[in-house]
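Following are the structures in question.
Both complexes shown next keep chain A, but they swap its partner, so chain B is in the first and chain C is in the second.
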Partner chain A sequence: MRYRNATAYRFLTPYLLIFAIFWIWPIISSFIISFQATRTVPWRFAPTFNWGRLIGDPAFYNALKNTLLILVIQVPVMISLAIVMAVLLNSPLLKARGLYRFAFFAPVVVGEVAYSAVFRLMFSLDFGIVNKLLDSVGLSKIDWFSNVTPAMAVIMIAVTWRWAGYNAIILLAGLQSIPDDVYEAATLDRVSKLKQFFYITLPLLKPVIVFCAVLSIIGTMQLFTEPFLITERGGPGGGTETLGLLLYRQGFRSLNFGYASAVAYTMAGLAIAITLVQLWLTRDPK
Partner chain B sequence: MTSRSQARLGRSIALHLFLTPLALIWLFPLWMMVVFSTMPDNGIFSPAIEMLPHDYFLENVNNLQRDTNFIGAIGISVGVAVTYTFLSVLLTSMAGWALARYEFIGKGGVVAIIFGTITLPYAVVLIPQFIMVARDFALANTWIALIVPPLFNSLGVLFMRQAFSMMPAELFDAARVEGVKEWRIFLFVALPLARPMLAALAIILFLASWNNYLWPLLINSQPGAMTAPVALGTLVGLTKVSWGGIMAGAVMLTVPMLVVFVLLQRHFIAGIAAGAVK
Partner chain C sequence: MAAVTLTNVVKRFGGFEVVHGANIDIADGEFVVFVGPSGCGKSTLLRMVAGLEDISGGEIAIGGKVVNDVEPADRGVAMVFQSYALYPHMTVEQNLSFGLRMNGNPKADTERRVKRAAEILRIDELMQRRPKQLSGGQRQRVAIGRAIVREPQVFLFDEPLSNLDAELRVQMRVEISRLHKELGVTMIYVTHDQTEAMTLADRIVVLKSGNVEQIGAPLDLYDDPSNRFVAGFIGSPKMNFLKGKVTEISNSAAIIELVNHGGAKLRKPLGQELPAVGAEVVLGVRPEHFCEAGEGDCDIPVKADVAEHLGSVSYVYANAGPEELVIEREASRQRAGDDHFTVSIKAERSLLFDKAGARIR
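This part shows the complex of A and B:
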């Protein structure tokens, strides 16, 4: 290919303009804002104003703790479930494959607000269908939203329901790229299906699993709508408040842009760390 | 031979015995959404277990419309999603084409920045974007505010770059020899060849815009400027609203997408799976 600078940039300019204005500049800008005192006009440079507050803020540690707690429980459960779904959907023995695919993949198109409203209604105390079903089989009702542990559980269940199929789609594409003859050879050697799963499927699928895990971690780290709508602004009493919700509350309720930017950059720092771990996990062994 | 086919049968039965309950659990929230949307509120909030649809859907749509102008909000959502999808497909395929098909100064840098920032959380840009659009440009509560900022998406660029770079160079060289201009080659040769990829990208972008919540919630908070998810979200948690109405709204947001999903499943799955194939 010979150099075609003018032509190339004519095609690139519209996108690059938008990309620079609404992505690159804000990334830099929020870093700067996080070092400014933004509660008085004009904003002034005050390097420890927000970061100092962040380090001593119990609300920040609460949100960080909740976010990490959801991360370490929900993501592994969901990814394991997604692997099971993908492997079973890929089985040649499966009949009515289309129906099963629909069941697991349908949540992918459901919006956050719609499904949050449904989950809130399903888990309500007296008339929620979940409690009615528990009651009908003789179990006691659970007050899902008045206590932290069950409220957290509802959020994790909701997020898992919404995203397991999404990950299964990606994993299924990964599974289908594993050549059949690997399995044929293993079957000829009388390797059991279970051993094939652990010694062939999982190792070959590892890069895709790590990719899904990173996507899910970064998504869950920004969790906002579910605690905003399902558990009513992070209730009970901040028990399900996440970093995303803290950012919303500080930035757009208290209009404290500097502090909210510091929270945002904490999330970015975590995301960068996780991405680096991913790169390390999937590096080419030399 | 018989024992082997018996073992196969046993495995097949076990497979279906495990997967069927799981599939039913997975369908349950969607099914209940439909059931709730067809029930009056005193039915939803009654001790009886109701799991079959009733016939109260249209009344619930009326109740919802009384609580908020949902039909108007749907109009905004449709208009915004269509415009956004068209513009985003155009911008990202132009950029993807340049990155796939030309050598130019700064190419490595452009690719590095797009790749390097792809895993940064969206939260990082939220506040400056809001300050810029609402204060500096004074564009809050407009369609532009909903459509333009989300156009930065970089996955689309990488997806289209991949699509164009897999096409054989001879196709385009032949046109160049005949003196066809580059933009005509892009529009009339490359784009038609990329139709399946464009369809996959368009579906994913449309869905993202249709379901987008946080940005529209922040930037278009005036009642007449809200998108459908935002309008619906304002009702969740209020005391004097019709929950049947909220569920009818959820159904109106979800069912059209489910139909699209069933009809265009192949493109849908290709679009999502593309994230994994680097």
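This part shows the complex of A and C:
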């Protein structure tokens, strides 16, 4: 038995080695680096250097505020939308279900750069289809990328477009695991379709909804691509800078690895904390 | 309380017809069992009565009122599903009261009904548990309780016992019988198990491939089946079918040669419709209707293959030419090593069928 275990571990060694070098070590290393002053040569241990700066850094609070704002608005909107999409996808009246399922899932597969470019185009001041539409219904054009609020809105719309379908597919799997006869029993109990949705579907779907919410929270905490590419590095004037962008700016443009590591640990810590609160709030009674 | 009448009921799924014009009259307070092999359309019929499936043709009336276009909840029926269909996230109590609560039923009345159902089914102690904390039998009780709470005119059961083990099945069977006595309402019960049908039903409806084969009281179906299918389906172990040929007609009786048993002949008195001489027929004999050599009208020698000893009786699986027969014998008569023996068939305890399976009386 022991011999067989040893053999198994020998087969696993290449993977474990790579895992250790490229996952475990960076995690430990960045933790250590976050306590070092990294803009002097050689780096020296200075526990409060980065963390102290973080606590007083307006750029950090700006990025934190932006990230949380996106989180608080975008995640609930997207999950609600995904639930509606999943319920529609699950409807027996729907024809060509496979086609819709693919269409909803497709945004995830599209390259990030291509998708960002398309969103920039769609929201461009003079050539964008969105402004053309606003114009055609008699509303004034919006300069999406020069003002903070519209720029934030574009990011939230883009992220929602990209991930709502993905969540809908996961939720659809959850919906399909609810047996038909539970609904039939409810129909015989004279429970309307709407009440069935709120009293049967939602409670039974709760674990899947929580799962989607946790995934989305973690994803949004790390938000980088959209503010980097669509609103041009967190523009206008840092108005859409997220923690992910701040990390990038500090780490890879200013080459301040210590500070970037501290930001990274803050992001991870926040994601874990929010997820735990979420799990606690939605726990099963008893 | 209500009678249920099915008139020429047809069901099509797309272009595919699965129920071909069923006519069934169920009296108020009657316990009727739909029985038949899997896929014969029992559930479909029941679901049409419940309103969970559209009716493609014909009429269903409950309590004298045609319900074809009546919403399921307004038909006065309650259904117990094979998989119980309990609401998994609710306690037993919530499961029972859910429908009433959703419809704004007065709280005191809801509590009274739930309490009564719990007493009838003896599930008082389980009220705060969730379905996954219950055993199969307890879940079944809750499912029945949920039906009772609705105080329906008609109870519908779709194979309610098929997920239970044998012992529990017998116990729940008795309970359902008791429930029927206690409530006195019409019950329609679907099963593929003829034993369940025989033990529960006031009347049985035998179905095959979407057709009603025969309707009757359990013992009427057992004694006087109208065709070979019903004869084979009702009764356990199954009726034996022996190939025969009519060699002579005389005095309104047919002389039948059992072709697989070395020319053994049986004189079978018949009524008006006599088969033609030379016609191929099938003789049906129940395992319990064989008698000892010389006691009947036609002796056939058999060779025992396997014997199942149940205590009071033994079932002997015997080969006789190409036919395998099941013979019930008194335990004392079937001894080890006693492989070759002769049994006898009584003409009045045998049934005659034509080649197509219709009964010749």
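One rule holds in what follows: the second predicted complex is superposed on the first by the 271 of 286 C-alpha atoms of A that agree within 3 Å, B and C clash if a C-alpha of one lies under 4 Å from a C-alpha of the other, contacts with A are read in each partner's own complex, and residues count from 1 in each chain.
The definition used in the following text is that a contact is a pair of C-beta atoms (placed from the backbone, for glycine too) under 8 Å apart; a residue touches a chain by one contact, two chains touch by 3 or more.
Model, not experiment: these values are computed from the prediction.
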{"item": "First, second, both or neither for A:S146, with chain B first and chain C second", "value": "neither"}
{"item": "First (chain B), second (chain C), both or neither touched by A:Q222", "value": "first"}
{"item": "Touched partner set for A:R190, first chain B, second chain C, both or neither", "value": "second"}
{"item": "Which superposed partner A:I200 touches (first chain B, second chain C, both, neither)", "value": "second"}
{"item": "Touching partner for A:P179 - first (chain B), second (chain C), both, neither", "value": "second"}
{"item": "Greater residue coverage of chain A in the superposed arrangement, chain B or chain C", "value": "B"}
{"item": "Common ground on chain A, meaning residues reached by chain C in one complex and by chain B in the other", "value": "none"}
{"item": "Chain C contact footprint on chain A (complex, rising order)", "value": "179, 181-182, 184-192, 195, 199-200, 203-204"}
{"item": "Touching residues on chain B, where the partner in the complex is chain A", "value": "8, 11-12, 15-16, 18-19, 22-24, 26-27, 29-30, 32-33, 36, 44-47, 49, 51, 91-92, 94-95, 97-99, 101-105, 107, 110, 113-114, 117, 119-132, 148-152, 154, 157, 182-183, 186, 207, 210-211, 213-214, 218, 229-230, 232-233, 236-237, 243, 246-247, 249-250, 253-254, 257-258, 260-262, 265, 268-269, 272-273, 275-277"}
{"item": "Residue numbers on chain A that touch chain B, as the complex places them", "value": "1-5, 7-12, 14-16, 18-19, 21-27, 29-30, 33, 85, 88, 91, 93-95, 99-122, 126-127, 129, 132-133, 136, 161, 165-166, 169-174, 177, 193, 208, 211-212, 214-215, 218, 221-222, 224-225, 229, 232, 243-244, 247-248, 251-252, 257, 260-261, 263-265, 267-268, 271-272, 274-275"}
{"item": "In the complex with chain A, residue positions of chain C that touch it", "value": "50-52, 72-74, 77-79, 81, 83, 85-89, 98-99, 102-103, 146, 150"}
